[in-house]
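Should a chain be cited, it is by its letter among A, B, C and D, assigned in written order, with residues numbered from 1 in that chain.
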Amino acid sequence: MTELTNHRLDTAGFEAERAEILQSWPTGTGVSFAEAVKVQEALPTEKRFPVALAAADAQGMTLLQPRAGVALVREHAALLNGLSPYCDVLPTTIDAYTRHNRYTEAQDGIDRSRAAGTSLLNGFPAVNHGVDGCRRLVDAVSKPVQVRHGTPDARLLAEITLAAGFSSFEGGGISYNIPYAKHVPLERSIRHWQYCDRLVGRFEEEGVSINREPFGPLTGTLVPPFVSHVVAILEGLLALEQGVKCITLGYGQAGNVAQDIAALRSLRRLAHHYFLNAGYADYKLTTVFHQWMGGFPADEAQATAVICLGALVARQARATKIIVKTPHEASGVPTLEANQAGLKATRQMVNMISDQNRVDSPDIQMEIDVIEAEVHAVMREILRLGRGDIARGAVAAFQTGAMDVPFAPARANLGKLTPVRDNHGAIRLFDVGNVPLPADVLAFHRDKIAERALCERREPSFNMVVDDVRAISASKLVGRPA
Amino acid sequence: MTELTNHRLDTAGFEAERAEILQSWPTGTGVSFAEAVKVQEALPTEKRFPVALAAADAQGMTLLQPRAGVALVREHAALLNGLSPYCDVLPTTIDAYTRHNRYTEAQDGIDRSRAAGTSLLNGFPAVNHGVDGCRRLVDAVSKPVQVRHGTPDARLLAEITLAAGFSSFEGGGISYNIPYAKHVPLERSIRHWQYCDRLVGRFEEEGVSINREPFGPLTGTLVPPFVSHVVAILEGLLALEQGVKCITLGYGQAGNVAQDIAALRSLRRLAHHYFLNAGYADYKLTTVFHQWMGGFPADEAQATAVICLGALVARQARATKIIVKTPHEASGVPTLEANQAGLKATRQMVNMISDQNRVDSPDIQMEIDVIEAEVHAVMREILRLGRGDIARGAVAAFQTGAMDVPFAPARANLGKLTPVRDNHGAIRLFDVGNVPLPADVLAFHRDKIAERALCERREPSFNMVVDDVRAISASKLVGRPA
Amino acid sequence: MSTESQDYKIVLGVIGADCHAVGNRILTSVLTQGGIDVVNLGVMVAQDEFIEAALSEQAGAILVSSIYGHGELDCQDFRARCEERGLTDIVLYVGGNLVIGKQEFSVVEAQFREMGFDRVFHPSADLQEVIGLLKADIDANRPAQLARNSRPLADERLGLSA
Amino acid sequence: MSTESQDYKIVLGVIGADCHAVGNRILTSVLTQGGIDVVNLGVMVAQDEFIEAALSEQAGAILVSSIYGHGELDCQDFRARCEERGLTDIVLYVGGNLVIGKQEFSVVEAQFREMGFDRVFHPSADLQEVIGLLKADIDANRPAQLARNSRPLADERLGLSA
């Protein structure tokens, strides 16, 4: 493999790689790009993800999307059709074996699920079902369907699902490595996602728009907004370079309302800034807000309150889309009814907030200023490390810890940066690790944490962080001592 | 009866009236004031309503209180003990027959409930159960208990429940007449509530504090904040004059977040203004926020979202107490489990918002300014009509329509004032009726409604009001045309 | 169909000690706009008040609302009382939160139909549908065509009748 | 009791293809502070990796986490595999969201105990309680007192042993 750079993959190399990938598992041979374009072109308007996003963006609406995936095609179609009346766009969550390209184990899960009469997989093994199985699924539903997973090497998954009429594909070389893998080198996953983006770019060149959505929330646990923003911007730039045109950038609810609103507003602004400065103009940018991704309360009424706070903030911040949680969140994969309940509660809250006054305050503006200063500082360092190339720069930044995702399993991540909540519940930096933030920003973090420490009469420590991680499921935002 | 004025009832007259009231139904003879004081004095601290309120106020906490009442003592005690772990202070909701002093029908309901093995009454018939029955109840629970009802003439109810150890009593001569009765003259209900307040004042003179809570939400349907604020201030003043010292003023959620926060903040400020100006200084003022009192969605997940929005706003506005709804709201009296679910969702939301930044914005300040101008204008007119006496003035103001509660059943209310939502969902005046608001305030209302009318391309009309009344249960805040 | 020109007069009220006035206002407004002549007795209406109004106004139907949960007690023997007072063949509707607590609607419906109500409604019933049913039920209950034909049909056709 | 001076060494990891790292970090931090010597294998740990680590580190217990729902597949035959590899009498704990979807905990518990796990935990288990149980179970599983007494007790008492 040649050295990683942020340049469009050349056609010959791409085609050679493709031939190899489609040979890597039997169902790969079912993919033909010409056929795939025809399948996409034949999709009715109401099944095209980019159309739904553009309409929502134009009308200032917020779309709702659940998570859902089970082992078998027919059962998965039934599940999606049970959710469809309560949401705007559909998901297909991929199982964890497929995410790690363990198709043999996925097949075992399919077989055992058939035997057990219930899904033993935590998602839909799209590669094993192949183009035909996936097409049966897309045919069986009446709304746009997105592939949602967590796959460092999603090349075959992308080939198969896009050939079957899925019109949106979540993930990215950083966001589907650092929180989802342990041993995968970052240059490799970024390179594999350049392939996925290039594939989407090829569809765009044929006049077929496919939505791409970098995964915003990362580890979903006390992630400071600038950390996920930098990843979102990097993956946006990487995607644009490969010809992607419809991009949805994501953010996972942190819990403090002012910080969350500031985060979503600044994400849109910062992304446009970097995309336009890098010379891209022909793209559609939308945003997605993930309801709380950390630990949930086991009680369903309490869990619904967590969902409702996310719905309120998402709508106040005017997210284009919300990824909706369920009252069963603490217990893992939800039933259809629990998933519907999450959607219904979210819809009610979004509708009630929809027409209300724009929320603004000095606190929100302050958070925006801090986030922007942080993102610019890290992006400058990434460009410096990559000598102007953000792909090289991203790899180097994770190596040095200039970029650092808290609580990530990947060895490619330094793991020194440690977040903690301040006295109002906003996420601050207890330990900045090697991230090169400006002195005034660091002082701001320090002061905010000191305010909390004083209030709780204890020194900031990792115990405070542990308390914060467990706080929401214990019915609090800030993990105070008992 | 002598002419109604806002003066402390004289002792001889009060005692004569008391003797008469206690003769009006057999259980009345069980009341002895000396005994009652002893019962109250014997209450442990954790069962005293004023103590719980003072502690919450001092610590900036928000207490949760459900609604609950069934026909029989033992079943009601079991219900309260089932709710107790999830709330801070307990209610006892009185049945509708007792509210109208129809004790014979209440007895019939008790008997039929015993026979049916399930409560056929929508509350606890405290008068029929008498001092002994009520004491068994208070003894059986471990938190403060309040009487919540809707009784224009609650004199006997107050005598019996306060003699039994209830330490808070909801209601007032206006707020328990206009929304709860049809034919009761206002001067009569105000006079009867002067008795209740005087009774509480007598306890205060014995060193026993009893909390009084005028009923804030009135008809619970598109009530403009100034309307309920004027009633709250009037009833506060009437209570203070009779010697009440612990007052909780209420407000029912209107739906627009900015307006609701402004309403609760201005309520506290306006009340202090009028109370202090009238020469009262020795009182404790707290606030209570009622979650949405209008029609609820039938779906439980959607209903929970309505509850959660109320919880959020109440906490953002730093209410001392929240009256909590349940996911069964659309179906009437809830089960214990549904009631617990409402409390748990509310607690989770309150806890998550608790530590967050104070919410402030120019919109909130604007709403505060409008509400204050409206309250001052109506209070001036009431003082003018009453020649300085607010009791006389209140009666006259309702007669002329200078005070007017929307959607009220009482003949004592003119019913010309008609509210409607503006384009952001705040409650404005479609028809001011005879309420003497300043010209600039009226222009503000007109402009806000015009903005909505333009947006919906229809003229403001009663249809718009009908759409608004039905909106929340149809999953919206503003009743837009389909 | 000449139903447009027919008169559909009903008596409306909230029964018992129930003072929920909002739904009553909304019902009055929507039914009136739907071409129904509403005699609204408001809240806290006794059974006899409904019956007297229906007799004196020659109404085709009585709509009873109950929101506060005492419907089961308040509506007892309503049909029998109507017949006792000579109000035979009147259409009786009831709607609201009719019993204490959340119960299966079909059970509540059966219970109130057993009590003599022709139709039983949710609080969230579609009012346009209620209007349609009301007109159909009142028409079905009218005296025989012959009697009806004796009214000045010509005027009706010309829209001259008040 | 001299349990304070005893060593409680455990192997901790998230099994299978599961990459949930947060709980793993929290567990490590809380157990370590609770006096447990934690050998943390992190996420995505195979059965054999657990067993090898337990053998080479002479651990008294293996704590298996599974958050993503595949616990049922990933934990199959774990106890048998331990015994096959000569790891007899080791304490086996498992915790997390062990199956797909919300199921009655008692059913899940019975299922995993049947599979040979000594204790089965909710994701929201009280970690202080887990620490107490872990120490008790490791103590109960130790070789007989006699063998233990052959270790340099004096040093232990003086706190001199590493």
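The rule we apply is simple: a contact is a pair of C-beta atoms (placed from the backbone, for glycine too) under 8 Å apart; a residue touches a chain by one contact, two chains touch by 3 or more.
Please read all numbers here as calculations on a predicted model, not as lab measurements.
Undergrad: State the chain with the largest centre-to-centre distance from chain B, centres being mean CA positions.
TA: The most remote chain is D.
Undergrad: Go ahead and note the Å separation of the Cα centroids belonging to chain C and chain D.
TA: Going by mean C-alpha positions, chain C sits 70 Å from chain D.
Undergrad: Using mean CA coordinates as chain centres, what's the gap between chain A and chain C in Å?
TA: Chain centres of chain A and chain C, defined by C-alpha means, are spaced 56 Å apart.
Undergrad: Approximately how many whole Å separate the CA-defined centres of chain A and chain D?
TA: 33
Undergrad: Just give me the whole-number Å value for how far the CA centre of chain A lies from that of chain B.
TA: Computed value for the inter-centroid distance: 46 Å.
Undergrad: Which positions in chain C are in touch with at least two other chains?
TA: There are none in chain C.
Undergrad: Quick check of your reading of the touch definition: is the inter-chain graph here a line, ring, star, complete or other?
TA: Contact pattern: an open line, chains touching in sequence.
Undergrad: Of all possible chain pairs, which ones touch?
TA: A-B, A-D, B-C
Undergrad: What part of chain A is in contact with chain B in the complex they form?
TA: It is residues 255-258, 297, 299-302, 304-306, 308-309, 311-312, 327, 340-342, 344-349, 351-357, 359-361, 363, 423-425, 472, 475-478 of chain A that touch chain B.
Undergrad: In the complex of these two chains, what residues of chain B are touching chain C?
TA: 96-97, 99-100, 102, 105, 108-109, 112, 118-122, 150, 179-182, 219-221, 294-295, 298, 328, 330-335, 338, 407-409, 462-463, 466, 469-470, 473
Undergrad: In the complex of these two chains, what residues of chain D are touching chain A?
TA: Against chain A, the touching part of chain D is residues 16-22, 25-26, 29-30, 33, 42-44, 67-70, 72-73, 97, 99-103, 122-124.
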